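Paired with chain B in one complex and with chain C in the other, chain A is shared by the two complexes that follow.
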Partner chain A sequence: MIRKPIPQSWRVGLGVASFLLLIGAYSYLSHRQLEENPDDRSIPSWSRLWSDGVVRVFTPNEHTGEVWIWQDFQATFRERLLAGMLVGVGVSLLVGLLMGCYDPLEAFFLPPLAFLAKIPPVAMLAVFFVLVGSGFEMYVTMIAFGIVPVLAQSIYHAAKDDVPDELLHKAYTLGASQMESIYNVIYKQTLPRIIDGVRLQVGPAMVYLIAAEWIAADVGFGYHLRLQSRLLDMSVVYVYLIVLGAVGFFLDFVLTRLRLWLCPWYGH
Partner chain B sequence: MTDHVLECQNVGHWFGKTRVLHDVNLKIVRGEIVAVVGPSGCGKSTLLRAILGTHPPKAGAVLMNGEPVTSPGRARGIVYQRYSLFPFLTAQENVAFGPMLDRTTLPFRFLRSLGAARRMHKEHLNLAAEMLEKVKLGNALKRYPAEMSGGMCQRVAIAQALVMKPQIILLDEPFGALDEATREELQAMLLGLYQENLDAKRAGDPPPYTILIVTHELHEAIYVSDRVAGLSQYWAWDQAGHVSAPGATIVYDAVAPVFHPDEPREFGEFLEQREEIRSTVFEPEVPELPGKHLRFWKEIEAGKGPGVLSLSE
Partner chain C sequence: MKLGIVKFAACTFALALGGCTADTSKEALPVFSLAWSEYPSWSVFGVAHEKNLIDGAAGKLGPVEEKWGVDIELKELDYDTCLTMYGSSTCDAVCITNIDALNPALGRKSVAILPTSTSVGADACIVAGIENVEQLRNHKVYGLSKSVSEYCFVRNLEKLGEKESDHQFTNRDPGAAAQALQTKTDDVQAIMVWNPFVLQTLRTRKDTKVLFDSSTIPGEIIDMVVVAQQSLEKPGGEAFAKAIIDTFYQLNALLADPATGEATLVALGAKFSHLGAEDMRQVVQQTRFYKNPDEALALLKGTGLKQIMKLVLDFCTSHQIVPSAPTIGYGSGADAQLRFDPTWIEAVKNKS
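Up next, the complex of A and B:
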């Protein structure tokens, strides 16, 4: 039956089962591959994955004392992704809200945003190279350029369509100024949509960042993934992919909690 | 001297070639509850928007204290049928929202953690709690609009308008989406406000609530108001020299009986008036020039009005 609810225990059980299925499928494929060729490194066994992957990636280097993945994590997430998202979200918020409030700004910004949203940012890498070089600024520009056209448009639609004129008129009768109408009514009411929009852009932002790091970086997840893929060191690659997934999952979780905390009224 | 709160002076409005309002004249006195009725599509909402100030009329003017209304402002409160509350605020915050916007500035509110701002915020919340107590919602302060029934939301919306003490409160089909029992309760609430008006008038004070209610329910119009105005596109405009329909105008204006909220409802009492309004305002087939049924001011002069106007000035 369509939409027939299931008990919570079933829900959890099925979720765990799907993960177990993935693990089982991997184990089977790895076993079959190693039976054919014991030296194969494309689908390593769990023990190899641990010794060649996890241990190597998380153990400090004997000479420098640095941990690979920690260095990459710092570069990719704490510096590049954070800065890129902050700039991208800030610009989108400003442009999106103003477009939703004022028709002239909507007319001015909408065509270029709709156009830019259609160009894959990865394809514009050469342009970013030329404009801002290949350093930290390039990653920030890449992420910001990638998410602004989509995020600004979604904030603009939320600001324009989610807040009925009646509520704005009512705010005026309660003595609201224009700034107060924007902040206290439009921004407050669209906040959950904004947070959801940001949440949905974390994935694409990571795609752009990893792509840029793949090409230009000397530290970071993208850089190491490229290096280890070339060496066919799949144990390391799989560990990196799992960490990437886990970080993405964590960010998603944090933003969902943030929405629940800031907008308890939403979703009733 | 009669204390006019609001005056529609030869108000006309049209959208392209579609004529909506023609020469609408209506003077509302402080303390009145005026019901505006009319067939669907006659321009009731257009008139309300003109009065609210979101869509000023294209001809004539809406005047408040002699000044034309050109934009919505805090002198006129509004309660809509839908979208009546801010969904991101609790009942209490919704009511406190007006005083907060009115009495504090945006930068000041960012300092909410500081003593003065916090005290002020608390003051507004207390005021809101008092107001919600008045509309019998003292137990729902912390509920969000999505957690309340339609009737509760409309009560909060009325409290939200009342707390601002505007010169006039506009109600746009406020009880249209509610069930019969809730509607009756809220109608009784309006009658309670009218009783406060009468008490104030008797004590020599200006009556606190002036209300204009737009409704399509004739019983409701006669029951809650002390005056019913009928807006209709059905009148003999050809006799007035127009070659095409010029839009709706006021074709009926008369006093309505005033009921006490605790009185049992005797709809039989106003059957006659109901029939008169139906045939004058809603009937397309018997057009006549407006005038015959515009008797409100004559009735007041003759001392017929039972409401705030009849009490000695």
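Up next, the complex of A and C:
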């Protein structure tokens, strides 16, 4: 039946089962491939995945003492993604809130944002190279440019539609200035929606960043994924993909927690 | 609603049936796939499809395919994707360089059946405002790392008596590197790229020049067609090898013929960065074709190839491009992970 609840034990069991199914499917594919050709490196066995992938990725380089994945992690997440998201979210917040508050700004910003949101930033890679080169600024621009049109619009909608006029009138009656109303009423009322909007943009931001690193980088996840898949080092590729997934999952979790912590009144 | 679904299913079924009967009326030939990417001596196969020598779609035949009784399926992909596809056994043959062929050979026994061209200036280090190789030490050189570009760079440094550790080869997609130099962004002053980016950059930015290129190491970077040993052993596998070779030489004959040469050259250049006839003449100078069986046989049977492959192998192991060195063999009898075998070129030569 539609929406009929199931016991918690079932819920956990089914979740685990789907993961086991994934692992089983991989084992089968790998086994079949290796049966056909024992030297195949495209779907390595679990032991190869461990020795050629995990161990090599996490072991410090003999000469330099550097750990691949740590370097890539620093570059991709701690520097590029963080900076890009900060710029993107900052701009979206400012533009989105103001658009939700003032009609002239709404009329001015909405058409270009609606239009730009329809151009995939990945398709514009060449334009970014020309405009901002291919260094650190390029990654930040790429991410910011990719998420601002969507995020600013969702913040604008939240600010405009989710805050009842009565609340604003009440604030005015209590003597709030415009800035106070924006911060204490509109911003706080829409904060959970903003955090959710940001959470949903982490995925696209990673798409843009990996695409940019694929083309122009000498360190980072996109760079290593491209290099290793060209060298047919699929063990390393799979390990990188798993780490990417794990980091994305973690960011999602953190932002959900943040929302629950900052806006307990909003509910789940 | 239900009736609609039934009707739809019936139509689909009828269509499928029609398709099947149409197929079985002709004798179904074994299908073999060749993955190729845009490069002068590999676009030959794309042009051969355009000129109706072969038909690149599975299930359709051109005259060359009918002659050898095999169905060639062409798959045009990005170069990197070709490598991954061949390595994961999703195609039978691939257009690849001798340097990049080592890695897939570790996992899939491979046979180089046809050298198509060699780089004689098609890979170049282009600089702006740098006079000599000593000055180059102070600049990052952008190019695709662990690739033909890096090989050519390192070999040239060796020839110039430079230490590799004094130079900074930095990874960047060749297209992006060329664009950065052309548009004067981010302080890119030296790049190591291949054609069409070499020609393009030299033309777009007048103050750039070639510091060194692959003309110092002719015959070392070999573009070729590699077929998996397993595919060759399948029924029709050898016919596939011969059909590929025959196609290549027939198109080369079109190129050499004064009546059709110009048009064929332009067709080759059409997808290769929209170069005209004049530019393409320069390109094929820098990417010297092994245009007939004799030139290919001279390479495959000569002693120079072994020395070259030893150089390549040393480079690839010392630069961690391959986790271990594949065994390399020469001639039809050799048992090796990567084998250079002139058997099918000879067969094609003797038959035509």
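Following the convention adopted for this analysis, the second predicted complex is superposed on the first by the 267 of 268 C-alpha atoms of A that agree within 3 Å, B and C clash if a C-alpha of one lies under 4 Å from a C-alpha of the other, contacts with A are read in each partner's own complex, and residues count from 1 in each chain.
We take it that contacts are C-beta pairs under 8 Å (C-beta built on N, C-alpha and C of every residue); 3 or more make two chains touch, one makes a residue touch a chain.
The shown structure was predicted, so the numbers you read here are calculated from the model rather than taken from an experiment.
Peer 1: Answer with clash or fit: chain B and chain C placed together on chain A by superposition.
Peer 2: Chain B/chain C on chain A - fit side by side.
Peer 1: On the A-aligned overlay, A:184 touches which partner chain: chain B = first, chain C = second, or both, or neither?
Peer 2: A:184: touches chain B, not chain C.
Peer 1: Which partner chains sit in contact with A:161 here, chain B, chain C, both or neither? Use first/second/both/neither.
Peer 2: Touch status of A:161: no partner.
Peer 1: Quick check on the superposed pair: does A:103 touch chain B, chain C, both, or neither? Answer first, second, both or neither.
Peer 2: It touches nothing on chain B or chain C.
Peer 1: For the combined three-chain view, what is the angle at the C-alpha centre of chain A formed with the C-alpha centres of chain B and chain C, to the nearest 10°?
Peer 2: 150
Peer 1: After superposition on the shared chain, which partner residues are touched by A:39: those of chain B (first), chain C (second), both, or neither?
Peer 2: Only chain C; A:39 stays clear of chain B.
Peer 1: In Å, how small is the closest CA gap from chain B to chain C once the two complexes are overlaid?
Peer 2: Closest C-alpha pair between chain B and chain C: 42 Å.
Peer 1: Touching chain B in one complex and chain C in the other: list those residues of chain A.
Peer 2: No residue of chain A touches both chain B and chain C.
Peer 1: Mind listing the chain A positions that touch chain C in their complex?
Peer 2: 33, 36-37, 39-43, 52, 126, 129-130, 132-135, 214-218, 223, 226-227, 229-234
Peer 1: Over in the complex, which chain B residues touch chain A? Could you list them?
Peer 2: Listed in rising order, the residues of chain B that touch chain A are 52, 54, 71-74, 76-78, 80, 82-84, 86-90, 97-98, 101-102, 106, 144-147, 160-161, 164, 166.
Peer 1: Which bits of chain C are touching chain A when the two form their complex?
Peer 2: Chain C residues touching chain A: 80, 83-84, 87-89, 100, 103-104, 106-109, 145-147, 170-173, 175-176, 179-180, 183, 185-186, 230, 321-323.
Peer 1: Quick one: which bits of chain A touch chain B in the complex? Just the residue numbers, please.
Peer 2: Residues 164-167, 169-177, 179-180, 183-185, 188-189, 191, 263-266, 268.
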